[in-house]
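Provided herewith is a single structure, encoded as structure tokens, for subsequent inquiry.
Should a chain be cited, it is by its letter among A, B, C, D, E, F, G and H, assigned in written order, with residues numbered from 1 in that chain.
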Amino acid sequence: MKLTVYLAGQIHDDWRDTLTQKAKQHNLPLTFVGPQTNHEQSDNIGEDVLGEQPDHITKDDAASDINNFRTQILMEQADIVIALFGENYKQWNTAMDASLAIAKNKPVMIIRPTTLVHPLKELSNKANVTVENVDQAIDVLQYVFL
Amino acid sequence: MKLTVYLAGQIHDDWRDTLTQKAKQHNLPLTFVGPQTNHEQSDNIGEDVLGEQPDHITKDDAASDINNFRTQILMEQADIVIALFGENYKQWNTAMDASLAIAKNKPVMIIRPTTLVHPLKELSNKANVTVENVDQAIDVLQYVFL
Amino acid sequence: MKLTVYLAGQIHDDWRDTLTQKAKQHNLPLTFVGPQTNHEQSDNIGEDVLGEQPDHITKDDAASDINNFRTQILMEQADIVIALFGENYKQWNTAMDASLAIAKNKPVMIIRPTTLVHPLKELSNKANVTVENVDQAIDVLQYVFL
Amino acid sequence: MKLTVYLAGQIHDDWRDTLTQKAKQHNLPLTFVGPQTNHEQSDNIGEDVLGEQPDHITKDDAASDINNFRTQILMEQADIVIALFGENYKQWNTAMDASLAIAKNKPVMIIRPTTLVHPLKELSNKANVTVENVDQAIDVLQYVFL
Amino acid sequence: MKLTVYLAGQIHDDWRDTLTQKAKQHNLPLTFVGPQTNHEQSDNIGEDVLGEQPDHITKDDAASDINNFRTQILMEQADIVIALFGENYKQWNTAMDASLAIAKNKPVMIIRPTTLVHPLKELSNKANVTVENVDQAIDVLQYVFL
Amino acid sequence: MKLTVYLAGQIHDDWRDTLTQKAKQHNLPLTFVGPQTNHEQSDNIGEDVLGEQPDHITKDDAASDINNFRTQILMEQADIVIALFGENYKQWNTAMDASLAIAKNKPVMIIRPTTLVHPLKELSNKANVTVENVDQAIDVLQYVFL
Amino acid sequence: MKLTVYLAGQIHDDWRDTLTQKAKQHNLPLTFVGPQTNHEQSDNIGEDVLGEQPDHITKDDAASDINNFRTQILMEQADIVIALFGENYKQWNTAMDASLAIAKNKPVMIIRPTTLVHPLKELSNKANVTVENVDQAIDVLQYVFL
Amino acid sequence: MKLTVYLAGQIHDDWRDTLTQKAKQHNLPLTFVGPQTNHEQSDNIGEDVLGEQPDHITKDDAASDINNFRTQILMEQADIVIALFGENYKQWNTAMDASLAIAKNKPVMIIRPTTLVHPLKELSNKANVTVENVDQAIDVLQYVFL
């Protein structure tokens, strides 16, 4: 049984690489997918495809079209969704992806520092599991295959 | 045809009252529901029902149980969801509610200042309409009945 | 038993009024809803709400946001969808609405002249009934209540 | 991860071959399916199977039965739907297929010249992405795998 | 709580009237709907609406379009489906309606003589309840409101 | 907004009356439905309708047909499900009803004494709220309407 | 692309073998599944597993449990359903399977002699295609892969 | 055709090993999954991942998070669910898993001693098949592939 995991969350550090490496070290039969992690590419993809747009709102709209197209394709393939929240950034896409996954009955694990317990309490409550760091997330993933 | 509107979003000012008043002035056949807007009550409802909890995490978890119970009941009744984002607060519940509504095929309108165009671009892209203030939201609601 | 009927199709003549009048004359317990039939208003609603847009593409996009918001709300209320195709115009919205209704398991009746048999053959095949004019559509609606 | 793409749209030029070739050149892990592109065969399949029909309406109905059977099977396999609109023909099947795919939550990309912005504005608005030509469509497909 | 019951089954005797009368005598809060019970009208409705058809196959196809349109509308309103099987006729519509209702998670009761136990065993097994006559069906309906 | 509440759980004491009375005292706009609370009638309904059965297994099967028919009808009407677990009895129907309601996305509240925390931990975890007694359940229901 | 076809219908002649052979001769990438075709085994499977039952009704009920378990598993795997109706037998299982498949949005082809046009008209109308014999069914299946 | 079977039920004896062995002996193309069968690990997994919890309620809640995460992932992969009930333990998880599987339209077989006929009668009635021991369950599984 091979499973696919969508890694939702911010794209400003290398948490996906860390998690993917640890999963590999534990020989977990998992394939990982996620959003475009090159921030510039993610912001510019609309103009990269369609050419220059009249203003930044239209540019953002064109980029979001293609980012959402990508996410919808990849999340549809996912058996599990992991959503990481950190101290910085708005992270509304992370909340959006986690909520969508819950609505679609996909098992969801949230990773967040304890400083975020309060603002995330309703979303944590709907997700299956909430842990505090990538190591704990790996522990939970391992348990699925024990 | 009477429709029910769920008003998702922060509970720190009176935007719901403003919107509800304006809808009334325009004789729109709308009933409005939403989260508990008494912030203290929303945070304490777990302990109010179950008694004192061992720590703030458990207190938050107990409150979120009941807040989610309430939201699920009321959103299930809603024909339309309006989600307002402002400059302050994490507002992950707002993103969660809007995303859930989209996943459940409920028509969704977002209200947000233009300063938030960029961080909300993917969620805006999935919602039906994004406007900048309550007056524009009323214009859109009116158009449904023209 | 009162039923709601969504009337999809072009907005350039008064076929909706004709159909609604005839239904009334036959005392059919039907409420009719449909798209915005004021063409200018339908095209301008984006700018009417959000103000002038940078170009006609953005203007169209803003209008379509709100037209789709309206259609989604009203079609969700509909127990029956009637889609009229005529000789003129692209009428892709009509095909879009009829196909959506079929996908959502709503009973669908198409009205079209026999000159359109060939290009509409696959959509007609998926709809429940295809008739040639409004009078025949009324006959079918009457039969539901006999 | 191998994905299947349904190519909806007119069958009077070789746009599917062009797109398929370019996808191959970029080594995209995609399989393409679509409607019967032999126009005569598509029109005659009913009589080819069932024998001569009493009139052209019945002939069309018999053909549409089998074309819809085919489309339903193949679209059900598709992870992505691309719908191309051109200047000619009614193209109601293209609108029907795109709308069905959207209703079934399949990611949808529309290809259309800018001359069609206005009549396609509501359908474009519901699709994930709209581009202007096959090269841009390939750019978007590539982005999914970056 | 008022409930609607769809009465599927043959239209060659007055079992629907009998059942409806008995439900009334017991003051059960039920509304009954069902197929067109005028056999001739049911067979001719296609030609009544569209005019004479080229042959009996096309005539039957036209009638079935409109009968299915009617059934889909009314069954969608139903909270309960009762399907009566008798000794005569093919009764494939009855099996079709009962199976559809089961697939759509509507509670289904079958009425059939014990002579039909064997050929109906798989359908009975999927339905909620199977009884032998209208009086027993009324007993079961009464129990819902006790 | 009037809501319907299905009260799942054992039928050996009068907890439903107590809860219903308290809801009335608080003027909560709720209608309550539930299983047949006359135990003997619930066990005998199969034979009451169909006559004596060959053995107790067949008798039980006949009764369960009709009890499940009843539950399916009433739970389908419910906006909220409350499931009470006590110290006695197997209560597998209570677990079955609660799990079905969760699977159907109905908001679920569990009432159980703290002695049952451990064996109910997975079901509690999936339900929205778990409380310890009827008074707390009323507090939660009240909160929905505050 | 390999597809699975469920062959619903009577089990008293070898039509499944004929169809399967012809599909093989045409190299169609199809796997065929279907009900238990050993009639005696199908009727006795309940007693074969559970031992002798008190009467023929209970024996039939036990057999239908297991036949429905089997059909549900195999039909869930099917991408296409073919239902053959002949002149003999009640064939209510065939109607039940075809209707279930339609309700679950599986593409359905009916095979029936023209003598059955009238009693099957509503079911044919809901299925995608109706043909008259196995050879025509093979023609249609071939067309899917052309 | 390889199928996956989820084995719900108590984890205090080796019934899963027995069933798995027998399936292997019969060369049934089945893969088996199920809950964590190490009881201690199942109870402690919350604290194993998150560290010591303030009390046994919170410990249980943390464990149930992760057990439900695991079950949801594995049951989603299952084509068949087998639920075994024995004389001991509350077994509410078993009832919960069986009911969820039924609600999700997965074929369900129950294994239980005849002493449990009465308390399990409603759940048995909703499941596809109920047998009395592992050998009979194997007989039924074999029949699927005959």
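Quick note on the criterion: contacts are C-beta pairs under 8 Å (C-beta built on N, C-alpha and C of every residue); 3 or more make two chains touch, one makes a residue touch a chain.
All figures in this text were calculated on a predicted structure; none of them were measured in a lab.
Both subunit B and subunit E are touched by C, F.
Listed candidates were A-B, B-C or F-H; the one reproducing the D-G interface, defined as more than half of contact pairs identical by residue number, is B-C. It takes 90 degrees of rotation, in steps of 5, to superpose the Cα atoms of subunit B onto those of subunit C.
Interface note: subunit A and subunit D, two copies of one sequence, contact each other through mostly non-matching residue numbers (shared numbers fall below half of all numbers used).
Rounded to a whole number, the gap between the C-alpha centres of subunit E and subunit F is 31 angstrom. If each chain is reduced to the centroid of its CA atoms, subunit C and subunit G end up 38 Å from each other.
Separating the CA-averaged centres of subunit B and subunit G is a span of 49 Å.
The residues of subunit G that reach two or more other chains are 61, 65, 68, listed in rising order. The full set of touching chain pairs reads A-B, A-C, A-D, A-H, B-C, B-F, B-H, C-D, C-E, D-E, D-G, E-F, E-G, F-G, F-H, G-H. Across the complex, subunit E is touched by residues 1, 3, 79-80, 105, 107, 109, 128-132, 136, 139-140, 143-144, 146 of subunit C.
Considering their complex, residues 54-55, 58, 61 of subunit E touch subunit D. Those residues of subunit H lying in contact with subunit A across their complex are 4, 31, 33, 36, 38, 41, 45, 48-50, 65-66, 68-70, 72-74, 76-77. Those residues of subunit F whose C-beta lies close enough to touch subunit H in the complex are 56-57, 60-61, 63-65, 67-68, 71, 85, 89-93, 95-100, 102-104, 114, 116-126.
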